[in-house]
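Below you'll find the structure, written out as structure tokens, and then a few comments.
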Amino acid sequence: MNRTDALDMVRESISSVIPGADVAALAPDDAFREALDMDSLDFLSFVEVLSERSGIRIEDEDTPRLTTLSGSADFLVARTR
Amino acid sequence: MSVARPTRTRKDPALPKSGRRTRATKGDTDAGTPARHGAAGHRTDLLESMLRIRRFEERCVELYSAARIRGFVHLCIGEEAVAVGVNATLTPEDAVVSTYREHGHALARGIPAEAVMAEMYGRTTGCSGGRGGSMHLFDASRRFYGGNAIVAGGLPLAAGLALADRMRGQEHVTCCFFGDGAFAEGEFHETANLAALWNLPLLFLCENNLYAMGTALERHEAQTDLAMRAASYGMVAWAVDGMDVEAVERASRRAVEGVRAGAGPHFLELRTYRFRAHSMYDPDRYRHKAEVERWKERDPIALLTDRMRENGELDDGEPARIEQRVADGIDHAVEAAERAPEEPVGHLLHHVTSSPAEAVS
Amino acid sequence: MAEFTMPSLGADMDEGTLVEWLVGPGDLVRRGDPVAVVETAKSTIEVECFDTGTMTKLLVEPGTTVPVGTPLALIGPAGERRPAPHAPEKGEPSEPVEPRTPPEPPSPPPEPAPVPASPAARPPGHVDAGPLVRHLAEQSDVDLGTLHGSGPGGRVTRTDVEHAAAARTGAGPPRARVTPLARRLAAELGVDPATVRGTGRQSAVHASDVRRAAPGPSAPAPPASAAPGPPSAARPAEDRAAAMRRAIAGLMSRANRDIPHYHLSTTVDMAAATDWLHEHNRRSPIGERLLPAALLLKAAALAAREVPELNGFWADDHFTAGEGVHLGVAVSLRGGGLVAPALRHADTLALPRLMNALKDLVTRARTGRLRGSEVSGATITVTDLGDQGVETVFGVIHPPQVALVGFGRVTDRPCAVDGLLGVRPVVTATLSADHRATDGAVGSRYLTAVARLLQKPEHL
Amino acid sequence: MGAGGGKGTGATTYREAMREALREALRSDDRVFLMGEDVGRYGGCFGVSLGLLEEFGPERVRDTPLSESAFVGAGIGAALAGMRPIVEIMTVNFSLLALDQILNNAATLLHMSGGQLPVPLVIRTTTGAGRQLAAQHSHSLEGWYAHIPGLRVLAPATLEDARHMLAPALADPDPVLIFEHGSLYNASGELPPPTGPVDLDHAAVRRPGTDISLITYGGSLPKALAAADELASGGISAEVIDLRTLRPLDQAVIASSVARTHRAVVVDEAWRTGSLAAELSARIAEESFYDLDAPVERVCSAEVPIPYARRLEEAALPQTADVVAAVHRAVD
């Protein structure tokens, strides 16, 4: 997966969990959980969706890497390489 | 060629005298044809074409009994001469509209046996993508506008095809098959009138097999001379021996030429007989076994085979070779159908409209 | 060896009856010969065979009805027969064998152990009731085991359940007529629609009635519609948020005015719980993972069962214990506002079910699809503000409940364990309780129970 | 040029708008032809095609015998062979004589042939009551056709739609039925200049409102608008939705309107039982249940063959007062 696709996938996954979230306004290094007021249920759903879409199994230990758009995209790129 | 005035033959509509050929059409016989080799070759083609239909349908019976094919399946065993004789006179640009008893018409029109068999199996490789089944075979590329399972329902449509060809200045002929049962439907009479009124390039082909399902002709028509009734609309109409493929071909050729020349719609009453049930199996309560047996003596395939043998056109090994070719083709079609994919259920709503999917949440 | 099978003779034929054999064993048959007479629902038909050979064995007696495809006879030694497509290959009995039973006649499934007809013989605990009745009972919270069935053989009928449900709710008032919109709005505003006076036809409760009933300063009717213009999508949402704010304001003011709160706090070691959770999540598909919240909620619910004095309502100067533990879960809504719908019977839900129920409840709370029993049925409320990063919750009770449990963030802290200093994950659990209903001793029993339960996560 | 056929000035009637649409279609595409009973010399039973025979000749403006099944079927066949026929059936009651062709062929061929045979046919017919034509010329059967997958069903209710729906209908690769309410032919007004392509997929909000949604189409639109006027004077703001296309239904416009108003009244001149009004009510219940603050109301024709006598006919049909009463039932 290239990084652009990965970024898109992260954005889409967020949007599907938080309908109406202004994903376009997120900067790559914004902590999106805070920015979008995602609680742990939201975040778990996000991880679930992202895992389903990317085909990657995401462990609890991986979740600290999923705090920003760019961090999440880097994680996906690294895992699919 | 000039078109003959309407010729009416009044014959006993029930049974031909067994063993005696009825020749309802006038016209050339093959006797004096100089290109004897060519004529013999053509007869071999006709024979093979009829055999292919016969064996195909026999295999359908077997597959139906084994529940590989289901639904309504109407066989034309006994009527092969009509399909083969008429189709021999058409060009690829002509159009054909058919009925629900149309395996023979479809195969004679050139739709591959694989596509027809796959359709019976309901597979994606079927000539209607598995959505039509036995009664609804279609092939737009061959201008085969389908098996129509409403008696007489294809007739108005055929008039429209003919109208469009006429309006666009194309000299195509539209052939429409229907049965004797259609004579009781308003759509036949509406269409006969319209076609004659508008001088449409339409060939009416009435397969008179003497029964509308289980109702005998004389029990559903007050006047059983169908060609005569068609002539009353002001179109050329003949009755033809529908068990003799060459008689059918000759009559059809004359009619097609007349239509193509702009003489308006023509009508052929093709007197034929189905040897098997109306739809796959029925108890045959409505006709006598003896009647069926008498008609079987005029089996169109046997008739042509005998004639070719008399003419010395069929050497001893030829029938076996033809049978083998036909059997191989059908085996291949069945194997292909068995292997062919089924449409995913997710495609259920495809082809309801031309747009991808109608929103019917 | 070929089989002659019961043929499919029509689109609607699934089985047929063999009426008569037209051939006998040893007879020569040719492809196309009629060999048997079969009766279908519609007619009696002579059927043909598709093989040439000798009828070696008739497998089915006349008068037998068998499904399509069942072998009726064997034809052998055949000439040039190819097997019918997909015909099951069979061993070839070349000498007479005992008549075989058809391979797959649709024999009825094995009978279940017969149920004794007499009610006296019924095993204890067994209740005879149909699915509709069971469903109805579940919906109306009636325990079927407590009913005396009035139907035949002591069977519990629908009427029995309806009577029981009516008796339980007192006079058995008819279900309130509430419009779907009003019901939805009531859920959002935390109003029990059954308590709202309807002004519609036959006292139907409309949205406007719910808005009027929503607690809050003077609860005015919503602003009268402005001059007709292009309808704005934003306006109703703002209305709703404002109305909800007023509702919360009303409820919380009442709580602070009427309830003498006392507050207790304890620090709970979460090492065992966290380890167990990690291990569980590592082994589970991603859709079945648990959040710490699930453990906390379950512990809170079990503790409420242990200390029922905190699980219920204060009204009319006395405490009424709740029937079952229905955990109010505070859910903050996007765009502001708060609802606390009930996770019903939370103490009885295994963790995976509880987790799913929580997900479902939160989703529905946020889309305005709560059910009536969830809106008003909570017996004790839990606020988990761990996601927001705070450590300690000092909660305000939702009247008429008598307790609110608060959890902060699970966080690593230096801790003395067995005389050594170590780093452990801990959470601060607090209790806000109504001093009219209980005293501090009860409250501290409750928090102690929570802490104890969380040390054995595998038993939650 | 007939009265009002002018360009942009003066009043145009619905009939003239429809005729202008036919003229434009015949001019712009030589595959287009019009056929039906008395469309040529007579000028059309309702005068819609008056003058077209003289302009386009008898091949393209084609009088047919009284054989609905044959000429509708011929339209289907001609469409299959590459033409773009417009078939006029005098009234919807007569269309039943061609129902076999419409259902068993036009709506079905595409699917039955596995996608090989689209049928680009347009059928126009008159529907509805209100002119004392009694029980064989007055019924509103468009809902029956809207039941059939494979068809598109249109009900132009305004001058603009009468003028501009035909072109996209002809461009549709599938069969399109256009139902013209007989009471609308004389409706007149200023026809605004076209503002871009007309779509056949969306319902139109003909009058915005906040308190209740009046959902209607065709000949009932003027009645619903009149009811909305009357209600406005009593302080009730009714939104009026013109369905325009009866199949496929525009679920989104209906749902979003009900989400704002929380109440709905369906106005449909057909009979109530098993009707389009029933379908709309069911969809509102399915899609908008949690938005409803009152039961859906329906205003339909009485369940009687439409009688001749004026008082009886008026009593049988939905009237403005019935719509107003239904709104009050829903709002009170």
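Letters A, B, C and D name the chains as they come in the text, with residue numbers starting at 1 for each one.
Please note the rule applied: a residue touches a chain if its C-beta (ideal position, glycine included) is under 8 Å from a C-beta of that chain, and two chains touch if they have at least 3 such contacts.
If you want to know which protein each chain is, UniProt gives these names: A = Phosphopantetheine-binding protein.
These figures come from a predicted structure and were not determined experimentally.
Counting steps between touching chains, the shortest path from subunit A to subunit B takes 2. Distances between chain centres, each the mean of the C-alpha atoms, put B farthest from subunit A.
Compare each chain's C-alpha centroid with the centroid of every protein C-alpha atom shown, and the nearest one belongs to D. Each chain gets one centre point, the mean of its Cα atoms, and the points for subunit B and subunit C are 60 Å apart. Annotation: 50 Å between the Cα-based centres of subunit A and subunit D.
Chain centres here are Cα averages; for subunit A and subunit C they lie 31 Å apart.
Applying the touch definition to all chain combinations yields A-C, B-C, B-D, C-D. Of all the residues in subunit C, the ones that touch subunit B in their complex are 5, 7-11, 43-45, 47-48, 50, 68-69, 84-87.
Interface of subunit D with subunit C (complex): residues 208-211, 232, 237, 239, 260, 262, 289-294, 329, 332.
Partner subunit D is touched in their complex by these residues of subunit B: 95, 97, 126-132, 136, 138-140, 145-146, 148, 150, 153, 155-165, 167-168, 174, 186-187, 190-191, 193-194, 197, 350-355, 358-361. The residues of subunit D lying in touch with subunit B in their complex are 33, 59, 64-65, 67, 69-83, 85, 100-101, 104-105, 109-118, 149-150, 152, 172-174, 248, 251, 287. Of all residues in subunit A, those touching subunit C in their complex are 18, 20, 37, 39-41, 44-45, 47-48, 51-52, 57-60.
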